[in-house]
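Presented sequentially are two complexes of subunit A, the first with subunit B as partner and the second with subunit C.
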Partner chain A sequence: MKYGFYPGCSLHGTGIEYGMSTTVVAKKLDINLVEIPDWNCCGASSAHNTDPLLAKALPARNLALAEQYGLNDIAIPCAACYQRLKMSELAVQKEETREEISEIIEMNLKGKARARSILEVFSNDLSEERIREEVVKPLTGLKVACYYGCLLVKPPEVAIDSTEHPLMMDRIITTLGGTPVEWDYKTECCGGALSLTRVDAAVMMTAKILHYAKLAGADCIATPCPLCTSNLDMRQKAAEKALGISINLPVYYFTELMGTAFGIAPNELGLDKHFVEAKSLLQNISAPAGQ
Partner chain B sequence: MKRIGVFVCHCGTNIANTVHCDQVAEVAKDFPGVVYSCDYKYMCAEPGQQLIQDAVREHNLDGYVVAACSPRMHEPTFRKCAERAGLNPYMIEQVNIREQCSWVHADKEKGTEKSIDLLRMAVAKARKNEPLSSSTIPVTKRALVIGAGIAGIQTAIDIADNGFQVTLLDREHSIGGRMAQVDKTFPTLDCSACILTPKMVEAAQHPNIEMVTYAEVTAVDGFVGNFDVTIRKKARYVDFDKCTGCGACQEKCPKKVSSEFEMGLGPRKAIYVPFPQAVPNKPVIDAEHCRYLLDGKCGVCKKICPTEAVDYEQKDEVIVERYGSIVVATGFDQFDISKYEEYGAGRYPDVITGLHLERLMNASGPTAGKIKRPSDGKVPEKIVFIKCVGSRDEAKGRPYCSKACCMYVAKHATLIKEKMPQSKSYIFYMDVRTGGKSYEEFYKRTQEQYDGQYIRGRVSKIFQVGDKLIVRGEDSLIGRPVEIEADLVVLAAGMEPRADAVALARTLGISYDQHGWYTEAHPKLQPIETHTAGIYLAGVCQGPKDIPESVAQASAAAVKATGLLSKGELTSEAMIAECNEAVCAGCGLCISVCPYKAIEKKKVSERVHGQMKERVVAVVNPGLCQGCGACTVNCPSSAMNINGFTNEQILAEVDALCQR
Partner chain C sequence: MGSIQLSNTVPDSDEFRALLKKEYESDLSLCYQCGKCSAGCPAAFAMENTVRQIIRMVQLGLTKEALTTYSIWVCASCETCSTRCPRHVEPAKVMEALRIEAKKAGLVADKRADLFNDLFLQSVSNHGRLHEVGLIMRYNLLSGQWFKDAMLAPSMMMQGKLKVLPESIKNKEAVAKIFKNVQKKRGGQK
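Entry: the complex of A and B
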């Protein structure tokens, strides 16, 4: 299976372990991710806060590039990138907009490229059996709070799953042998947009998510979004302080958990790059019976 | 050449302000065929009509044209006037120079010009008018009521009391409908069953009412006065003639099924009566769950039955009955709350709907009237109500108000406080709409005497922590978020049309709106009638209503249905399609487009070159044809014509306009 691959900026920076784990996991599953040559910024936050046209045009150039190279399915790990590219993809379905954008980016846009979240690719394009085949170290006994954030499920027109009660990641965790916990903060706001401007507010929002994950009995949190992860992971100390309790929940990209179950070495997945110590929990998973 | 008269009406100043009526009448004198023309202030008034009749006699007119208001308003008046003057009523034309000219234009000169053009066309058409006559059709003096909830029951009783035979049909095997599920009714708080069951019994025992339950309408043929209705009676597997309703079979049946009547909150058996006061109070076997019918094992009910009434061999029975009129009273479904994922509906057992709460409060319900929450049977203390769930929500495709919810929530909050004085009810609302006699007073009492706390705002999310449901919303009056730890959440789920409402509408040939509610013929002046003659509406199937409104509409429908039945015969439409057999090619295109199934093929024999030949032509059933004209525009050989609107007449109008 061949996909265009759009890493976006976070996968080279704050979300480097997302990029590392996605690449190795995809390779294991025989998914060929071809990085779109000369890709540019998706424009997340800054562009659509300034100029609606720019917000469509920036991602559209990436769509046009993908089309040029015959990569009509674009796999995108970052949730923010996914949403920007998806919005642009939907906008250019309208012929009028497509012509306008084509002129701006000086490229011929056909409107054929599809923006796809890597979570949705793993979840929909692969059978559960295919994923299970690769599992050598099941996540037996690991209780995971699957946290989807907002960007993959809202607004409804770009949602990859149910907007209020998504289950894609939960199903993957189950396939890996882990136990997703039932909780209700799956799609609550992590405070991402306030992360730099109103740290106090952002910390409280993050703290609530962490608190409810803890109450639900989770050992760790899984996410598909670099923004959520940096808030939940990086700000966890501040959240603990604000709540006055100890949380200590490692925050994983779901691809890191896939990689771990596939038996990939922790450092290849980037497990050493976390704020909240993330390696020991996964090392302590009991080996399956008979091994 | 026909002698035509022209009468131009001023309609007071309605027409005369924008049209020089005298000029119009003057110009008309020169139209071909016109032998008399005049104008008058009110043509429809008695002196106006007299003027017309006198002119007809004096000038020996063959027909006339009235330039006045819309034919919808006064065509019957001027047709009757023609009859009194000794003319065939179809020899006249009415041209609309009010709604289609004076009311919509401001320029008097142009208005006059347009009136003259319209009149010129009408005269050209009138010259080609031929006398038409309508025939009569006998009426089957029997009505069918589809749906036996409170609306259907009331309609049936009223028709029967008026002395006509009526069949009361329901797909469930007991009559009673939604009202039977309700515990108490607002605003009087009398017990729903106590006021409904006497009516159910009355319907069952009335000599003029034939009750057909556990049956569905599968096809409707025919037309007003004579509908041929195909009814499928579902197999009950119990012989009602033998069954005494002793209940032994229900007791011994080993198969437990979640009860639909109890909204899934309680069990029933595979052989069952849905509720204790059911009418008829004899059980049926649910074939989907019966062990014997599924895999041939068990047979306990047959063994235990003292009268040998159980009959596993029973089959569905299809009957065709003829009715003069039909009343549709099929009611509603409750909105499916699982569409509100943010409320966890369907996932949290303690997020329920108003109808669930009715069952939990009812003395014959699954908890014997003690309010216990479904998850753990605990008695709830903090109860949150959320209004407008599946109503007034465009995102969910339900932009309309369900009308009854504001009152039933107030009723619930009142009754809960009465039953459990230590409890507290919070009610999230968008608006409180309590229009209706004594309704607003009831709502006030809920607030002031029964401690119902009304919070204006929407709930954004419900989630579970421990055994509490956290209800998070906004109080938009103080502009703050609110969070309530509730034990039970009741969603005031709105009403939506029955899942198969559209299918039934198509079977009946009645119209429905974008949601699936059946459409009345006129929103103000014909709220009971459908666009299909002889079919009437009662209750919620036409749109959300509460019980008193449903009952009122039911009685009105009964009056309409009886009015039709009390006529011995109906006059059929005169302006209907007719086939010119000489040019008909027998292609049958008209048959496929006819919405009234009024056209059939028939064989005719004719002599061609000395030999008898048979060929197929179309023939119109004058009793069924409504004169819509679909066949005429579809006919490739122009064989189909609408009498009174023939192709020749339409072309004469076009010619008249072009030749001015």
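Entry: the complex of A and C
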């Protein structure tokens, strides 16, 4: 299976472990990710707060490049990039908009490229059996709070799953042998867009999510978004301070958990690149299959 | 915020609502003020006016008050309100529209958010991609928060998450041109 791959700026920086784990996990599953040559930033979140045309045009250049290289299915790990590319894809379905955007990007745009989240690709294009085949270290006993955030499931026109009660990640965790916990904060916003401009508000929003994950009895949190992860992991200390309690929940990209269950070495997945220590929980839990 | 003068409507209030409808596809006359948007808003605790109140302000013609409220800059664009609105008013789009129009009118209340967006887009316009470190450093310096998050830097450096030099794409000009073409479409205005 061949897909265009759009890593986005975060995966080259703060979300480096998301990129590492996605790449090795996809390889294991025989998913061929071809990076879109010379891709540019999707503009999230400043372009859509500045100009609606710019917000459509920046992602559209990537859609046009993907079309040029015949990569009509674009797999996107970052939830923010996914939402921006999807919004642009939907906007250029209208002929009038397509012409306007083609003029701005000075490229031919056919409206053929489809933006897809890597979580949705793993969920819909692979059977559970295919994923299970690769599991050598089941996540037995690991209680995971699957946190989807906003951008993959809202607004409804771009949603990859239910807007209020998504289950895609929960199903993958179950296939890996882990136990997803029931909780109410799956799609509550962490304040990612405010992480730099309104740290006070972002920390309070993050704290709520962490608190409820803890109350639900989770051992860790799984996310499909680098902005969520930065907030939940990097700002966890600040959130603990605000709450006045200890949280100590490792925050994993769901791909890191897939890789761990597939027996990939922790450092290859980027498990050493976390703020809340993330390696020991998985070392203790994963025992070789058959034991 | 201070008291609201109900008589203090700006003359172009009809015009403003028409603009929201045409440019942002949001029809505020559909809103019957049920408040579902604000009940589910995860950032409401940090706002002086909730999204329902802001929509009411625009309905009443208090355009300038709506444009100058800090609250529109606390909106995290999570789209919960738009997802749940029973009247398809798309409150998140309204908040976004107000931010854009506030910027055009020179009425941005949260100067830091404004600075952040400018620096972000500057980075993308220069390199084709966002240089996170450059953005954060410039933002902290120019917003007067020199040591904000400084204690996070050493760990991030160790984790290889801080790239000191920006990563540029080959065809930087193509991206710079997108910015220029958008500006041209806007008749030179930003």
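Everything that follows uses one rule, which is that the second predicted complex is superposed on the first by the 286 of 291 C-alpha atoms of A that agree within 3 Å, B and C clash if a C-alpha of one lies under 4 Å from a C-alpha of the other, contacts with A are read in each partner's own complex, and residues count from 1 in each chain.
Please note the rule applied: a contact is a pair of C-beta atoms (placed from the backbone, for glycine too) under 8 Å apart; a residue touches a chain by one contact, two chains touch by 3 or more.
If you're wondering where the values come from, they're calculated on a predicted model, not measured in any experiment.
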Inset, instruction - Look at A:41 in the shared chain and tell me whether it touches subunit B only, subunit C only, both, or neither; answer first, second, both or neither. - result: second
Legend entry - subunit A residues touched by each partner, larger count belonging to subunit B or subunit C: C
Inset, instruction - Name the contact category of A:215: first (subunit B only), second (subunit C only), both, or neither. - result: first
Inset, instruction - Based on the superposed arrangement, let me know which partner A:10 touches: subunit B (first), subunit C (second), both, or neither? - result: second
Legend entry - Contacts of A:200 with subunit B and subunit C, given as first, second, both or neither: second
Inset, instruction - Quick one: classify A:163 as touching subunit B (first), subunit C (second), both or neither. - result: both
Inset, instruction - With the two complexes superposed on chain A, say which partner A:184 touches: subunit B (first), subunit C (second), both, or neither. - result: first
Legend entry - First, second, both or neither for A:103, with subunit B first and subunit C second: second
Legend entry - First, second, both or neither for A:225, with subunit B first and subunit C second: neither
Inset, instruction - Once the two structures are superposed, pull the subunit A residues common to the subunit B and subunit C interfaces. - result: 163-164
Inset, instruction - Could you please specify the touching residues of subunit B with respect to subunit A in the complex? - result: 341-342, 344, 347, 461, 463-465
Legend entry - subunit C residues within the subunit A interface of the complex: 23-24, 42-43, 45-46, 73-74, 76-80, 82-83, 90, 92, 96, 99-100, 103, 110, 112-113, 116-117, 120-121, 124, 128-133, 136, 139, 148-149, 152, 155-156, 159-163, 167, 169-171, 174-175, 177-179, 181-182, 185-186, 190
Legend entry - subunit C-touching residues of subunit A, taken from the complex the two chains share: 9-10, 12-14, 16, 38-41, 43, 45-54, 57-58, 61, 103-106, 150, 154-156, 163-164, 187-189, 191-194, 196-202, 204-205, 208, 234, 272-275
Legend entry - In the complex with subunit B, residue positions of subunit A that touch it: 162-165, 183-185, 212, 215
